[in-house]
Every structure is written in C-alpha cells, then in structure tokens.
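You will see two complexes here that share chain A, one where it goes with chain B and one where it goes with chain C.
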Partner chain A sequence: MAYIRKRNKKIFGIFLVPAMLVLFLTTIYPMLYAGYLSFRSYDLAKPFVPRVFVGWSNYREILTSSEFLHTLIVTAKLMAMTLSVQLVLGVGIALLVTQKLPGMGVARTLLLVPMMISPVIVGLVWLFLYFPELGYLNYFLSFLGVGAIPWITSTNWALWAIAIADIWQWTPFVMMGTAAAVQSLSPEPYEAAMIDGNSRWDVFTRVTLPQLKPVLVSLMFLRAIDAFKIYDIIFVLTKGGPGDTTEVLSLFIYRQSFTFWRMGVGAAASFVSLVIIVVLITLFFKSLNRDDYA
Partner chain B sequence: MSAITLSNVTKRYGAVQVVHGVDLEIDKGEFVVLLGPSGCGKTTTLRMVAGLEDVTGGKLSIGGQVVNDVAPKDRGVAMVFQNYALYPHMTVRQNMEFALRPLKLGADEVERRINETAEILGLSELLARKPAQLSGGQRQRVAMGRAMVRTPDVFLFDEPLSNLDAKLRTQVRWEIGKLHQRLGTTVLYVTHDQVEAMTLADKIVIMRDGYVEQVGTPEEVYSNPKTSFVATFIGSPSMNMIDARITDGRIEADGFSHPVPTRFAGRVTEGQDVTIGIRPISIELAHADDERALPATVEVTEFLGNEALLDLRVGTHELVAEIPAEQRVPSGTKTHIRLNFDLAHFFDAGTGRSLNAE
Partner chain C sequence: MKHLKMALMGSAVAIGTTGSATAGDFDGVELKMLAIGDTSVTRLAPIVGEFEELTGAKVQIDMFPYPGLIDKIVIEASADNPSYQLMWVDSPWVGVLGESGALEDLTELVKRDAEEIHLDDIIPIQLQENTWQGRLLAFPASGMIWHQNYRKDLYEHPEEQAAFEAKYGYPLTPAQTWDQYIDIAEFFTRDAGEALAGEVLDKPFYGNAQAYSRVAGAITHDFFPIMRSFGGQYWDAETGLCAMDGEAALAAANVMKELVAFNPPDYLGLMWDIRTGYMERGETAQSSYWSVRTVRLTNPDEAVLPTIGEAGYAASPTGDGNPQPTMTGALSFAINSKATDTEKEAAWEFIKWGTSQDMMRRFAEEGSGVSQFHKSILSDPELQEKYPYYQVLLDTQENAQRRIFHPFYADVEEVFGVELNKFMAGETESAQEALTNACTKINTRLKVFPEDLRLRWINDAQAEIFD
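The block that comes next holds the complex of A and B.
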C-alpha cells in the first residue's frame, strides 16, 4: 500500500512537470531575471556591454523622477474614474436585470459581450468611434447639438476617452458579480419590509447595499488589480498621449524598456508595480476573510 | 365588527386556481388557525390577507375596510415568517428599529417600544447581537418582536414553528399562546401541524385543495368532523376508516356486520355506501364470548407510557387501537376487539360528508 502511494506520488510529479516547466519559463524565470536586471545597468541597444551592478540606483532614479510619479498619478486617476462609474453602473444594471421582467435573460447575456472581447479589439472599436471627423460618436453627438469633441487628441478628453472604453468593457463584470449576489439574497426580508412599509430607498440603502457590500468590495479589488495593469486599450487609442496625459505605469515600463532600451530601469519599475499589486491582492484577501455578518 | 372578513375570496395563477371561494369571519382578538396539508392554499390565503399576493376574486376586508387593492403597509398587519426573514446584517435592536422607521416615531418612543417588547420576549440581553449569533428559537422571538413593536391590529404567522426542533416547538408554541392572551391582538396563523392548531386556536379553518372543509372550535372539529378528510386530519393517531354498505338495516363491512345505531336510523338509506370512522380510543379489547367481538391479530404493539397503540388486522382491515398501557398484548397475539359504535362517525362514501347529527 505504502509502496503504491509512493509510486503514485512519483507519477503525479511526472505529470506536473510540463505545467511546472511552462510556469517556470514564462513566469518565474522572467521575474527572477527582471529582479536581477533591476540592479544592473543594461542597454538593450548595446547587448554586448557587460551588465554592471549599480545597486539601488535604478530604483532611486524612478522613485525620484517626476515622470514616474506622474504615471502613478495618471494610473490612480484612471482607476478612480473607471472604478467609480463601473460600480454605480454595474450595481444599477444588476438591479435592473434581476427584476422579473420580460427579456431580462437575453439582456443579461448581451450585456456580457464587451467583457468577452480582447482589449486590443475594444481599443480599435473605440478608436473608430472616437475618430474626430469620421467617428460615429461625434456624428451622433452632432444631432444633440454638441460640437465635435477631440476625444483622443485633447489633453482634456483623452483620459476620459480611455476611461469610457474601459468602463464599456468592464461594467458587465461588476454587473454580473452583483446580479449573482442580488439573486442569492433571500426574498422574505423584502416582504417583511414591504408589509412594514419601509420606503424603497430605505430598503435599498439599509437592506440591499449592506448585504451586497462584501461582494462589491471583492469586485472593486479585482477591478483595481486589473485596472492597475491597463495597457492594451491605451496603447491602441493614445499610446500615452497627447503629451504624457494618458501615460500609465505599464506604458512607462514599456517605454523605458523597449523605446529607450533601458532594461534595468524598466525592470525596477516593474518591481515597484509588482509591490503595489501584491499590496492590493493582500488587502483583497483580507477583505474576503472578514466575516461581515458576525 | 369583524377584524378580518373574506367573502368568496379566490386566487388563480394563470389557469391554475389554488384558492376556491373562501368565506371566513375573524372576530377582533380571535386566534384563528388555517390548517391543512401542504398545497391546500392556506399560505396563499394568508399572503393575500398580508397583501403579498393579489386577490383574484371576492372581497377581503380588514377592520371593516375592503383592502383588495390596499398596499400591504396600509393594512395594519404585521407578519412573522417561517424562516424568520430577519435582516442578517442588523442587530436585534436594528431589526426592530427598521420595522418602526415608517411610523416616524420619536427616538424616545422607539426606545421605549423596543425595550418593552424585548422585556416581554426575553430579548433584552440579546439586543446587540446579530441573527447569526442567535439560536433558532431566539431568532423566532426576534421575528415576533419585530412584528410586535409596530402594535399592529392583526398578526399574521406563516408556519412560525416549522424550522424549530420538537422541544423548542412546544416551548415557543406555549409562548405564542401566552403572548396572545396578554396582547389580545387578532391572530391569523398558518400551520400544517394539528397539535399547534388544537392548542392555540379559538377557531380552526381546515383547508384542502383550495377549499375550506370546516370552520370550528378545536372541540367541534375533533368531535364533530363534517367530512371524512377533517376526521382523519384531526386527532392523533388518525381516525380508522372502514368502508361499509347499508343492507337490511345493518352495516355490512368486509368481515363483520352490525345493526345501524338508532341515532343514524333516518340518516342512511338502504344500499348506501358509507365510511365508518372510529377513533383509536373507541376500539377496545374484548372477550371471545362477547357477541359483538371481532377476531383480530395484533401486528405491532407500540408502548407510549400511559397508553399503548395496537396495529390490528381485522379481516382485511388495518385498524389502530389506543388502549391503557397495562392492557397491552405483545405483537403477534391473536385476540378479540370491540368497536364502540356509540362513538363512531358515519360518512357518505361518495361525498365524504358526515352523516352524524349536527
């Protein structure tokens, strides 16, 4: 018996090897190598120059550069814009599609479509919509008497243009999670409130929202982690411009590494980004463990 | 004036009619129990009174006012649900406060009502707890408290004891009865448990398949069941039912024959198919030489303490007898029994209607 179990363990191990190998080659090794690079001076344009150890100087450079801080601020702004709208819209639509009305099942499925599209495609779709003279958005806005808005070419609008595309893509995610939570709420407390005569607003703010809170917090953390890494949509729509209006952290890392060939600095910025994401994930798991009903 | 009146009230879901023309008068302060097996329409009837279901037809009045189209909140009722329906994220105090919010009372009055109710229900120590930290019985008391603080004209209970274990059920049942004596509020109470109905009710409404079978005091429905359904539903163990036919002035059943008791003389007709209902308590052991004795085999003996239940086979009939425990005989015994026809009920086999005198 013990022999078989030991043998089985070996077989399990063998089956795990391919997956572990892929994981190691695509995730663990690059991460360790990036860690190694973040302490070196490495110019990709001069690959044969030795990679000199420079200590913390790459980190010191980015953490003191106004450019890096600017990308952090842009990222935070974008997160605040997208998350807040996604929360309000997502909850609102979820409450709507969980009503027992005809067509809600179909509506729910259709609303999930944006989420299933690759972000690059979403970027391209919105690029067409935003096109200053030929874009559909300005065409339709002209009927409302709104003049042409330079969506992606104006420093006033570019960040909103990106936010709108992201909101369009990811509101369904918040909606889906919220709708599932709404449907798991038991109906009797609502009937009790109906008999007692509590107003709809009271019921929403004091019965529904508090019960949804744990789910909403989780959804917001998941969105925050994702939004922090936003790259594709911006790369397609504005490439960080105009100027550096929409230059988020991921674009900064990309630019340092593959435009300026400064792999050491890019690697250091990646590590700073990793630390921030780890903090977010830790907070997320902490929020999961908290028992809200105890 | 009646507290609640239902006149010919019906409920229909699409093509399915679940409540058929219910007529019911509930007096002020009365404790009325809607009793019946699941699917009989009792909960639907209660929910119509609460306003949670629309009334399809007929007239529903509360306190003299027709409320068919009145919103639940304006009916002056409070409801206690089977699974408590407490707000899980609120403390006991907050649960009661939330029920009071629509009344827009002053903070002092809210405080006074909550403390008074908590005192009556023994919840004073639990006001800061959340439902998850309470036992089933405590949660049920909070649900009652939440209904009580609003001092409604009518309490509606929807199977409030079904989620409790047997011991707790007895205790909370007793508490509800005591509470009704103390508050004197009109109660409409739904249950499928005849013991709850018998112990709590001033008046029992027995329903079956959406129809009211009988309305009466616990005493009336037990002693004078109007239909064979009521007869078998009320009383534990159930009444024994024996198919028989009236032939030559005698009751002829498979395996025995008995003269028609004089009190049924004018009520049965020659050749009529009847069902004889005999409560287990009306069957006794007899001597073999008793001329009315029937041979019987005891299949199972159940000892209950003071009394014993005998599962008997009498010819093709299976009967249950309840006898004093000291008279019991072991399983497998061949013995004789006597049916006490003086206490028997007769029902028309076709309609199920009682043939007993009113």
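The block that comes next holds the complex of A and C.
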C-alpha cells in the first residue's frame, strides 16, 4: 500500500510538472523579473542610460508623485461610479429575469452578450457611439432636442463616458451571479413572509437581500478587482484624457513603461498596484469569513 | 551558389563599392518595412511589386497608425533578431534611435550615390532633419513644413471682405501675425442659420481647427511650431535643459487658448487627422498643419473642399509679423542597423527607388502626390499650377529650422501633451503653470546626465554628406 502511495505521488508529481512549468514561465518568472526591474533604472528606448541598481528610488518616486496619487483617486472614483450602478442594475435585472415570464430565457442570453465581447471591441463600439460630430448617440439625442455632448472630449463627461461603457459591459456579470443566487433561494422564508402579510418591498429588503448578501459581496469584490485594473476601454476611448481626467492606475503604469520606457518605474508601480489588490482581496476574504460566522 | 552570391554582395556593401542594383541582384531577399499608413507610404505600397521586378527583392510594408508606431520601432530596435529591415521614421525620433545605434548610418551610401539620387536637388534642411551628430540616419520620403491652409474662396468673397474690414479695420488676407489669425478665426465662427458667403449655414462653421488632443502629444505638434514662430527655442544653449517655458512658449500657449473659442466643440479630442478633416470637409476657415496632409486638399477623391470651394496656402504667421524660421519636418525611410549586409544593401536600393526624383514626379503627375522635397519638382511651373502650395513649400524652406531631435523627445511630447491639454481644458489655471510643470518634469530626467552630454544632445551638427 505504501509502495502504491509512493508510486502515485511520483506519478502525480510528473503530471504536475507541465502545469508548474507553464505557471513558472508565464507568471512566476515574469513577476520575479518585474520585481528585479523595479529596483533598477532601466530605459528600453535608451540603452545609453545606465542600467543600474537604484534601491527603493523607483518606489519613492511613485509614492511621492502627485500624478500617482491623482491616478489612484481617478481609479477610486471610477470604481465607485461603476460598482454602485452595476450593483443596483444587476440586482434589478436579475430579479426581473428570474420571474416566470415569457421570453426571459432569451433575454437572459442576450443580456450576457456584452460580457463576452473583448474590452477593446467594446471600446471601439462606444467610440463610434460617442464620436462628437458623427456619433450615433448625439445623433439620436438630437431628435430629443439635446445638443451635441462632447462625451469623450470634455473633462465633465469623459469619466462618465468610460463608466457607462464599463457598466454596459459588466452589469450582466452581476446580473448572472445574482440570478443564479436568486434561483437557489429556499422558498420557505418567502411563504412565511407572505403569510405574515409583508409587502413586496419588505420581502425584498428583509428576506431576499439578506440571503443574497454573501453573493453580492463576492460579486462586488470580484468586480472591484477587475475595475481596479481597467485599461482597454480607456485606452481606446480617451487614452487618459482630456487633460488627466481619465488617467487611471493601469494607464499610469502603461505610460511609464511604454511611453517613457522607464521599465523600472513601471515595474515598481505595478508592484504597488499589486499590493493594493492584495489588500482588497484580504478584505474580501475577511468579509466572507465574517459572514460565515455571523 | 545563391548564398555565395549573397555573401559576395554583402562584402561589397561592407567596403562600399556597389552602385545601383540591376535586375535579379537581390533574388530571394525579403524585406519587411515597419511603417505608418500615411501618404509617404500609402502611395508606394501598391506599387512595391515594381521594385521586385526590378531587383528581385520582395518588400512587404506593414502599416500602423502614428500613435504607437515609435513603440513598435523601439521594441524592434531592442530585439536581437529584427523582423523589420526597413523603418519609417519621423524626424524627431532620430535622436533616440541615433543615440541607441538603432539605425544604419547612410552617410557614406549617400555620398557614394550622390549623383544617382540627385543629392543637389534635395532641399538641404530635409536631409539635415535626418541627421544625428552629423551622420545621416534616414532618407526623406516626404518633406514637410508647418504652414497655414485657408478657405481662399471665402477670403476673396466681396461681402466677407467688406464685413471683415469694417469690423477689424484692415483687409482680409492670410494672417501674418497670430493676432490677425485670431481675428480671422473669430470673424468666421458662425452658428447654423447664419450666413456665410451669401448662403445660410445648415450647421456651424468654425473659424479654426487645431490639434488639442493629448493623444501621442498631438497638441505639441501645433504648439511647437507656434512657439518657434514667436522665436522660441526648445533648449537652453548654456545648460541643455528645457527652455520651453519662456516668453515665446507662453505666447504660443496663450494663442492656442484664445483660439479654443473658435474651434469645434470637440477641440480637446482633435488629433492630426481629425483636425485636418475639418479643413478637408470645408468646415473651417483656416487650419495650420503639416504639408504632408495639404496634398489632400487638391484631390477631390480625398477631400470635399475642392468640390465646394478652394484652398489657399500661406506661410505660418509669426508673433510680430516679422520673418521667423519655418518649422520643417521629414518623414523618412531608414534601415535597421541589425539587418544583414545584403538586406541593408537591398533596403538602400529600395529607399533610393521609393524616394527617387522620378518616383516623386510620378506621384505628383498622377495627382496623388506626397509632400515634396526636390527643388526641381517644387519649382516646376506645370506642377505649381496643379499644386499651388508648392511655391509656399519652396519659399519657406529657404529660412528653416529643423524640428526637435532630442533623445528625450518622446518624454517631451507626452509631458507637454498632457500639461498643455490640461491647460486648454481649464484644469490648469495658467499657461505659466502648465509650462513650468512640464519643464520641471523634463529637467528632472535630464539633470541626471552631465552637462556636456546634454549639450551634445542639442547640438545640430551639420550633415557630413555635404563635406
């Protein structure tokens, strides 16, 4: 028996090698290399700039930079805008599509389409919609007597324009998760609430929502982590502009790495971003644990 | 046998003894070009088969948008085994690519083939644009100046002329100063329903269209020529540090800010092609930009304007109306220094073929010209009649200065792009604050280098091909 266990262990080990190799080459090694770069002065475009060890200097530069702080604020603002709307809309639509009404199956499938599209394509679709002079959105708004809105070229509108595109793409994710949870809810509490004569709103706030809370918390954290890394849509729509209105953290990292070619600074900014995400994840798991013991 | 032939040709390149190629000289050689999708390349791409017939070398041109192209070139230059032997280069990139050793030095090849390429016929500043520390690293495929384009039909309309003179007290002619330019922009800005040249407008008409977008530093491509037209300089000649926050730069930023009111409402998103689009569709009275897009204004297949009005062309206005050096630029072809010797020789043959006087004349005669850089073509009376802006191109380059060519150009373009865009958007209160912020950021990066190196980077050494 011990021999079989030992032999199985060996076989399992052999089977694990390819996966570990891929993981090492595609995740661990690049991460270690990025960590190494973050302590160096490394300019890809200018090999004549000395590539030397600079200690914590790249991290110091980032953490004391007003630009970096600004990108954190913009990222937080965008997260607040998108997550709040996605939560409300996602739950609302989930409650609707879980009703036993005709056509809900088709509606549910169609609502998932935006989520399946690549974010770059989503960006391009919304670029056509937002385009100031020729965009469809302003064209249709003109029928309502609304003047042309400079969606992506105004400091007042640009962040909202990005948020709308993100909400359009990711609300279905919240809807899908919530709908699955709604369908798995036990009917007994509802029957009891109905017998007690509660209104629909009371049933929703006192029965449905408390039961959905763990799922909604999970969905929001997953969306928060995703929203924190938002890049593609902004790159296509505004590239951080106008001014620095839509300059989020990912774009800051991109500019440092591939516009200024300061790979060391870019790598350090990536690690700072990683730390923030790890903190978010830790909070997420702590919150889940709290729910488990509540 | 083929390998032997290639090896022999490679050796010949190394000692610089070959002249122009003959049929089949480069059989089996395959070249790839990393390029932009603009006139300097789009005109050539459909006919590269002719080069293959001529020499045996096959050329594949991959075209990309301007934003991001330098990123691809930098990555290509840092690769040990390059995928592209030929590269399209905007002249401000010569500094960083030159200092990195990414481009093949063409100086000796140009000297060797001076007669064949009609070196004397090329406007000298267009060659100077492509030099780094005196060495020629790229060859012009399209020579540019920054100048004003305007609606000649509107400027010559009697009612508009009378109304303008009554309002401003001087006749309506192409602006010579930026104050006049602003007056003209204000005068022609009209809402839908108002009259323009006797006709009621069904949509707004704009007095001006300039690039204000921060994307790929588009705003700086208009800001720097205006700054230079006020006599401004990029760098401090004593220290090699940023000087783009002086009086001329302030004046330029304020001119652009004043023009905002007369631009389309999406001005903050106006990139090069969107801005030229307003002129090409005849929706603005004037727009100053690089002559590389001016070629489209005479071609009804590429612009609406020739069918509804007429474009006029003039030199860029200046601060006080007195002459200032014209801002030039060159869109050029270069050879990757990591290509093999045979590829380099084939690539040079391609450059000579694609930029030759004959090819340029052919483009001009076919009506799909590029922005020319040969004196004989620009001064040809028949071609001048067809392309009235040729005379402006020719005249203005007699007194011209090259564009910025510093190894930190990408930093300058991005940092100034963002800071100026913020100022135009009203996020930064004053031009002084925006320019000081930008210069401070650039200087932080430059100050780590010794002064003698910084001074070498701003030294515009005379091209050694003229020695």
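Miscellaneous remarks
Rule of thumb we're sticking to: the second predicted complex is superposed on the first by the 279 of 294 C-alpha atoms of A that agree within 3 Å, B and C clash if a C-alpha of one lies under 4 Å from a C-alpha of the other, contacts with A are read in each partner's own complex, and residues count from 1 in each chain.
Convention: a residue touches a chain if its C-beta (ideal position, glycine included) is under 8 Å from a C-beta of that chain, and two chains touch if they have at least 3 such contacts.
Just so you know, these numbers come straight off a predicted model, no measurement behind them.
With chain A as the common reference, chain B sits beside chain C without any clash. Of the two partner chains, chain C is the only one that A:Thr259 touches; chain B does not reach it.
In the superposed pair of complexes, A:Pro47 makes contact with chain C only, with no contact to chain B.
When chain B and chain C are set side by side, the one touching more residues of chain A is C.
By the touch criterion stated above, A:Ser287 is placed in contact with neither chain B nor chain C. Shared-chain residue A:Ser65: touches no atom of chain B or chain C.
In the superposed pair of complexes, A:Pro150 makes contact with chain C only, with no contact to chain B.
Within the superposed three-chain model, A:Asp196 lies in touch with chain B and out of touch with chain C [touch as defined at top]. In the superposition on chain A, A:Pro242 makes contact with chain C only, while chain B stays out of contact range. Minimum Cα-Cα distance between chain B and chain C in the superposed model: 50 Å. The interface of chain A with chain B does not overlap its interface with chain C at any residue. Those residues of chain B that touch chain A in the complex are listed here as 50-52, 71-75, 77-79, 81, 83-90, 98-99, 101-102, 130-133, 146, 150.
Contacts from chain C toward chain A in the complex involve residues 67, 71, 74-75, 78, 96, 99-101, 213-215, 264-269, 407, 410-411, 414, 418, 421-422, 425-428.
Residues of chain A touching chain B in their complex: 186, 188-189, 191-199, 202, 206-207, 210-211, 292-294. Within the complex formed with chain C, the residues of chain A that make contact are 44-48, 132-133, 148, 150, 152-155, 239-245, 255, 258-261.
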